[in-house]
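The structures considered in this document are given below.
Presented sequentially are two complexes of subunit A, the first with subunit B as partner and the second with subunit C.
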Partner chain A sequence: MRMISRFIRLIVLVCAWWSAAALAQQSHIGKLVGNAKPGKALYIRYCIFCHGPQGDGRGESAPYLDPKPRDFTKAVFKCRSTPSGTLPLDSDLYNTISRGVHASGMPSWKPLLPQERANLVAYVKTFSPAFQEEQPGTPVATPAEPPSSAESIKRGAALFQSMNCWSCHGKDGRGHGPSAASLTDDRGYPIVPFDFTSGRQFKCGDSDQDMFRVLVTGLDGTPMPSFASAMTADQRWDVVHYIRTLNNPKQHEVQNAANAQ
Partner chain B sequence: MGFAMKNSILALIVPVAWFAALLSYGVSPGSAPPADAPASVSGEVKFEGTPPKPSRIDMSADPFCVKAHPTPATTEEVDVGGNGGLANVVIYVSEGLGTQTFPPPDRPAVFEQKGCQYKPHVLAMQAHQKLDVVNSDETTHNIHPTPSNNREWNMTQPHGVPLEQTFAREEVAIPVKCNVHPWMKGYIAVFKHPFFAVTDKNGSFELKDLAPGTYTITAWQEKLGTQNQKVTVGASEKKTLSFTFKQ
Partner chain C sequence: MGIVASRRIKTLLFAVGIFVAIVRPGYGIPAFARKYGLPCSACHEAWPMLNNFGQTFKDNGYQLGNGRDAPIYQEPSYWPIMFRTTPNWHRESNNRQAVDLAPANPASGLVEAGVAKSGFDVDGVDAITAGTLYNNISFFIQPFIGNNGITVNQAWVRLDNLLGSPWLNFKMGKFELDQPLSQERLLTISNTGGIYYNYFFTPPGDRSAFQGMGNVQLGTELLGHSGNDETRYSVAVVSSNSGGTDLPTNQTYDFYLNFNQAFILPWFGRQQIGAYGYFGQVPTFFRTSGGAPIPGTGMGNRSFYRAGAYAHWYVGSQFDFDTFYMHGQDNVFLGNGVPANQPSKLPPGAVGPSWNGGYIEAHYNPNTRLIFVGRYELVRMERQANPSIRPGLGNLDTWTVGYRWYPIMSPRAGLAWLQEYSRISNIGAAPLSGKDDMRDSLLMGFDFDF
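Now for the complex of A and B:
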C-alpha cells in the first residue's frame, strides 16, 4: 500500500513538473497559443541584434541605442496591464511586440503573423525563471471614460500639481521639472521624463485608456510610479484629460477659460 | 485528438497536478526554532578614525521639505554617534541555521517618509512580512525600491494614504529611493529568518533567541561594506561581539 502511494506521489510530481515545463514554453493570447521553439528561430532572425543571444539586452547593436533594449532576464516590463511589481500578461508582451515602443529603437512587428508574434512571446518568457515561479498580476480595471470638460481639466491640472507630477514632467509638462536631471532607469542609465507638449506618441499606447492604464500600473524599471492607491479612477481620468490639453492649443484656451472663471 | 481538446485537457491537468503535488508534500509553515535555552549575541559597532562630515541636503525643489527642517537636514550615509558608535549597521546571521525555515512575524515592519527622509534610514525585516509604508509628509512621495533579487515596484503615496507591500526573497540590502525627491535614500534588508538587528545611535545591537550552535555573524554598512565573524554559543549563553569599520 505504501509503495503504491509513493508511486502515485512520484507520478503526480512528474506530471506537475512536466506540465509546468510545458506551460513555461507556451504563450496564450486569446485563442492564439505561441510556442517557444519556433519563437527562438524568429528571435534569432529579428531580435537578437538588440536584445542579445542571452536575452539580457546586450546585443551587438545595444551600445548604439538609447533607451537600451529590454533585459528579459529580469522580467521587468514597462507596458503591462498588471500592477506594479508583478509579471505582465502574455497579451501585454504581444501588444508591445505588435505596437513597438515609440521614442525607442523598438519598431512595430505587425509585419510578422500573429502566430509568429505569439511564438516570440513564448520564447521571450524563457529568458527569466520568474515566469515559471510566479503568476502574472491581476489585470487592472479601466472603467468607462467620462467625457472631458473644462471642470475635469481643471481638476486634472490641480492633481498634476498635488501628485508632484511636475517634479519630473515640469510645471508646463515639458519634461524638465526639478527632479528630471536626477532620473535613471533600473540599470542606472539616465532617462528623460516624457514631454507632453511634444506631440510624440506614448510608449505604451496612445489612447486615453492606455494613458489611464499607465497611471495605474506605472512603468516598471523607470522612475514613473504607479498611482493605484494614490488616485481614484475619476481623478485619473481628470489627469488624462489635463495631459491631453498640454499638446492642444485649442484645449489650452478651454483650460484658460476655466481658470479665469 | 484535436488541438483545442489537447489544450483543455492540459488546462485541467495542470492545476490538479499542482494541487496534488502541494498536498502530497505539504506546505509546511516552517519548523519552530528550538525553544530550550536560547542564547544571544550582543555587542557594538564602532567607527575608527575621523568620521566623514555629513553634508547638507538641498531640499529646495519642494517647499514642504524645506519647511519640515528648521535646521537643514544632512546625509545619513555614515552615522557616527558621540561615543564612536556606528548607527544603521545591519547585523545578521549569515550562516549556521542550516535548512530551518521561519514563519514571518504577524506584526508589520514600518517604513516612514518623514521630513522628506526615510525613518528608519535602514530597515530590516523578514521575507513575506507585511511592510507598512507610511507618508507623514504633506507632500506626495513615490517609494521605489530597486532590488536585484526581488520584484521591483514603484508606488506613488500622497499624505496619509496607506500602502502595504512585501518582499518575497532574502536580500541585503534593497536600495530605496523617491524619484520626486532625489536626495531621499534608504535601505531595506530582507531575511528568511528572524536573527537580525540594526544598530542604534550608540552602535549597539542584540541578536536574541538563538539556538546553541556555531554561526557566522555579518555586519553590513551601506558605504563601508561587510564584515564577518564566527561565533559559537552554548545553551543560555550570552556572547558579546564587536565590529570596527574604518574608511
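Now for the complex of A and C:
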C-alpha cells in the first residue's frame, strides 16, 4: 500500500513538473496561445543576429547596436505593465515585439502574424528560468486621464524640476542633463536619456497612458526609476502633460512664459 | 512551312533571346542589413525574394520606423552600397536548331539538329546603392556592369508617406513596376528559367515586343498601402519605351494598375490575392527623313493590354505557392506588323491577336538556409493575328526546378549555392519541321552579395 502511495505521489510530482515546464513553453495573449517550438524557428529567422543564439543579447550585430539588444536570460524588461522588479505579462512582451522600441535597433514586427508574435513570446521566455519559477507582477492601474490644462502643465513642469527628471533628461527635455554622460544600463553599457523633443513616439508606447505607466513601472535595467511611490497619480498625469509640451516648441515657450510670471 | 511563317518564328525566337539577354537576376541588399543589424532572413523568405516584413519595409520607403531611418543616425563611414554577382557553370541545349548539313557550307542545305554548349560564366556585376535621403525620402540606384559596359538598371527617388499617410507615396525615375511577382527578385537565374515568360510574351509576327511588366520602366508611380500592408495599390504612368532612356522610340505613355489584398486564413497563415492591368500604345510607323525613321517620332499608335489576377498562398510557414493568370491582346496593326497608315497591307481576315497564360510557382523553405523552388508556366494563343498562322504557334510551356542553399547569411553579406534545371518548349516552333522547339538550361554556381 505504501509503495502504491509513493508511486502515485511520484506520478503527481512528475505531472506537475511536466505541466509547469509545458506552460513555461507557452504564452497566453488574449485568445492567442503561443508555442516555443515554432517560436524558435522565427527567432532564428528574425531575432538571433541581435539577441544571440542564447538570448543573452550577444548576437553578431550586437557590438554595432546602441542601445544594446536585450539580454533575455536576465528576464529584465523595460516595457512592462507590471511593477518594477517583477516579470512582465506575456502581453507586455507581445506588445513590445509588435510595437518595436523607438530610437533603438528594435523594429516593429507587426508584419508577422499575431500567432507568430505569440510564438516568439513563448520562445523568448525559455531563455530565463525565472518564467518557470515566478509569476508575473500584478498589472499597475492606470486611472482615467484628467484633461490637460495650463495649470496641470505648470504643475508638471515643477515636478520635472523637483523630481530631478532634468538631471538626466535636461531642462529642455533633450536628454542632455548633467548626469546624462555618466549613465549606464544594468550591463554597464552607456545609455542615453530619452529626448522628449524628438517627436511623439516613445520607447514603450506613444499614448499618454503608456507614458503614465512608465512613470509607475520605471524602465527596468536602465537608470529610469519607478515613481510609483514618489508621485501621486494626479502628479504623474501632470508630468505627462508637461512632457507632451516638450516636442511642441510653441506650447513650450508659452508655458515657460506663464511659469516665469 | 512558308517563308513568312519561318520569319515569324525567327522573330519570336529572337525576341525571346533578347528578353533573356536583357533580364538579369534580382538582388538582396546587405546595405540595409548593415544599417539595421538585421540578417537577410528578416526581409527575405530567401533572398532575393521578399517576405512580408521585407515587403512592408520596402513599401514604407526602406524605413523601419524605429527612429533610426534617416542617414543622420548612421556612422559617417556608412555608405549604403552593395555588390552582387553570380559566377556559375551552365549548359544550354536546343533540340531542333537549324544548321548547315555540312558545317561552313550553306549550299549543303539546312537540317534540324540538337546543339549544346556549356562552360563557366559570369554575366556581370550589380552595384546597388539605396536607402533614405532623409526621413520619408527614399532612393535607389542600380548600375549594372556588364559585358557591354555600364548601364543604369534602376534610378529613382520616392517621396514617402505624403501628408503623413502610407496611402500616398510618389516615385519618379527608372524602376520596376509593383508586379504580382517581381522579375527582379526571381529565385532562378538560368537562361530559360530566369524570366517569367508571361511578362514578356508577344505573339508570332507581332510588332510590339512588349517588355512593360518584366522590364524596369521610366515614369512615375503612386503607391499606397494600409498601415499593416495588407491592402496595397499602385498606379504608374510610364513612357512606352520599355525603360529605354533618351526618348528613342515614341512619345506615348503606358498605364499600369495593381491592387492586392491580404487576409489570414486560420491554420494556413497569410494569403494574398490581387489583380493588375497594363494598358498602352505602340507606334506602328515613324516620321522619316530621306526615308530613314527619325527616333522619337513614333506615329500611328495602336493599343494593347495585359490584365489578370494572381495570388500568393501560404500553407503554414514553410510552404507557399504563387498562382498567376494573364490575358493579353494587341491591336490588329501591331499583331500583323503593319503600319497603321497602310491598312491595305493587312492580310485578309486579320484580327488583333489574343492569348492566355499563367504560372504556378511553389517554394518549400524548411529553414532560413535552404529553399526549393519549382515553376510551371504556359502561354496559349487564343486568336492569331493572321488566319494563315497555325492556331497553336506561339504556345509555350516551361518547367523550372532548383534549390538555393545559403551557407552564409549575415548582416554583412550573403552567399548562396544554387542549382537549377529549366526547359522551355515552344510548341510547333522548330524552324524546319514545325515540331516542338525545346531549350534546356542546367546551371549551378554561387550567388553572392556584400
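To be clear about the criterion, the second predicted complex is superposed on the first by the 250 of 261 C-alpha atoms of A that agree within 3 Å, B and C clash if a C-alpha of one lies under 4 Å from a C-alpha of the other, contacts with A are read in each partner's own complex, and residues count from 1 in each chain.
Going forward, a residue touches a chain if its C-beta (ideal position, glycine included) is under 8 Å from a C-beta of that chain, and two chains touch if they have at least 3 such contacts.
All values derive from a computational prediction rather than experimental measurement.
In the superposition on chain A, A:182 makes contact with subunit B only, while subunit C stays out of contact range. In the superposed pair of complexes, A:141 makes contact with neither subunit B nor subunit C. Once the two complexes are overlaid on the shared chain, A:60 sits against subunit C while remaining clear of subunit B. Once the two complexes are overlaid on the shared chain, A:46 sits against subunit C while remaining clear of subunit B. When the two structures are aligned on the shared chain, A:109 is found in touch with subunit C, with no touch to subunit B. Judged by the document's definition of touching, no subunit A residue lies at the interface with subunit B and also at the interface with subunit C. Residues of subunit B that touch subunit A in their complex: 7, 10, 13-14, 17-18, 20-21, 24, 61-62, 139-144, 146, 151-158, 161-163, 165, 179-182. Interface residues of subunit C facing subunit A in the complex, by the touch rule stated above, are 36-39, 41-42, 52-53, 55-56, 64-68, 228-229, 264, 269-270, 317, 367-368, 410-411.
Contact residues on subunit A toward subunit C in their complex (touch as defined above): 38, 41-42, 44-46, 48-50, 60-62, 64-65, 100-113, 116, 198-199, 201. Across the complex, subunit B is touched by residues 9, 12-13, 15-16, 19-20, 22-23, 33, 76, 83-86, 130, 134, 162-164, 167-168, 178-179, 182-183, 186, 218, 220-230 of subunit A.
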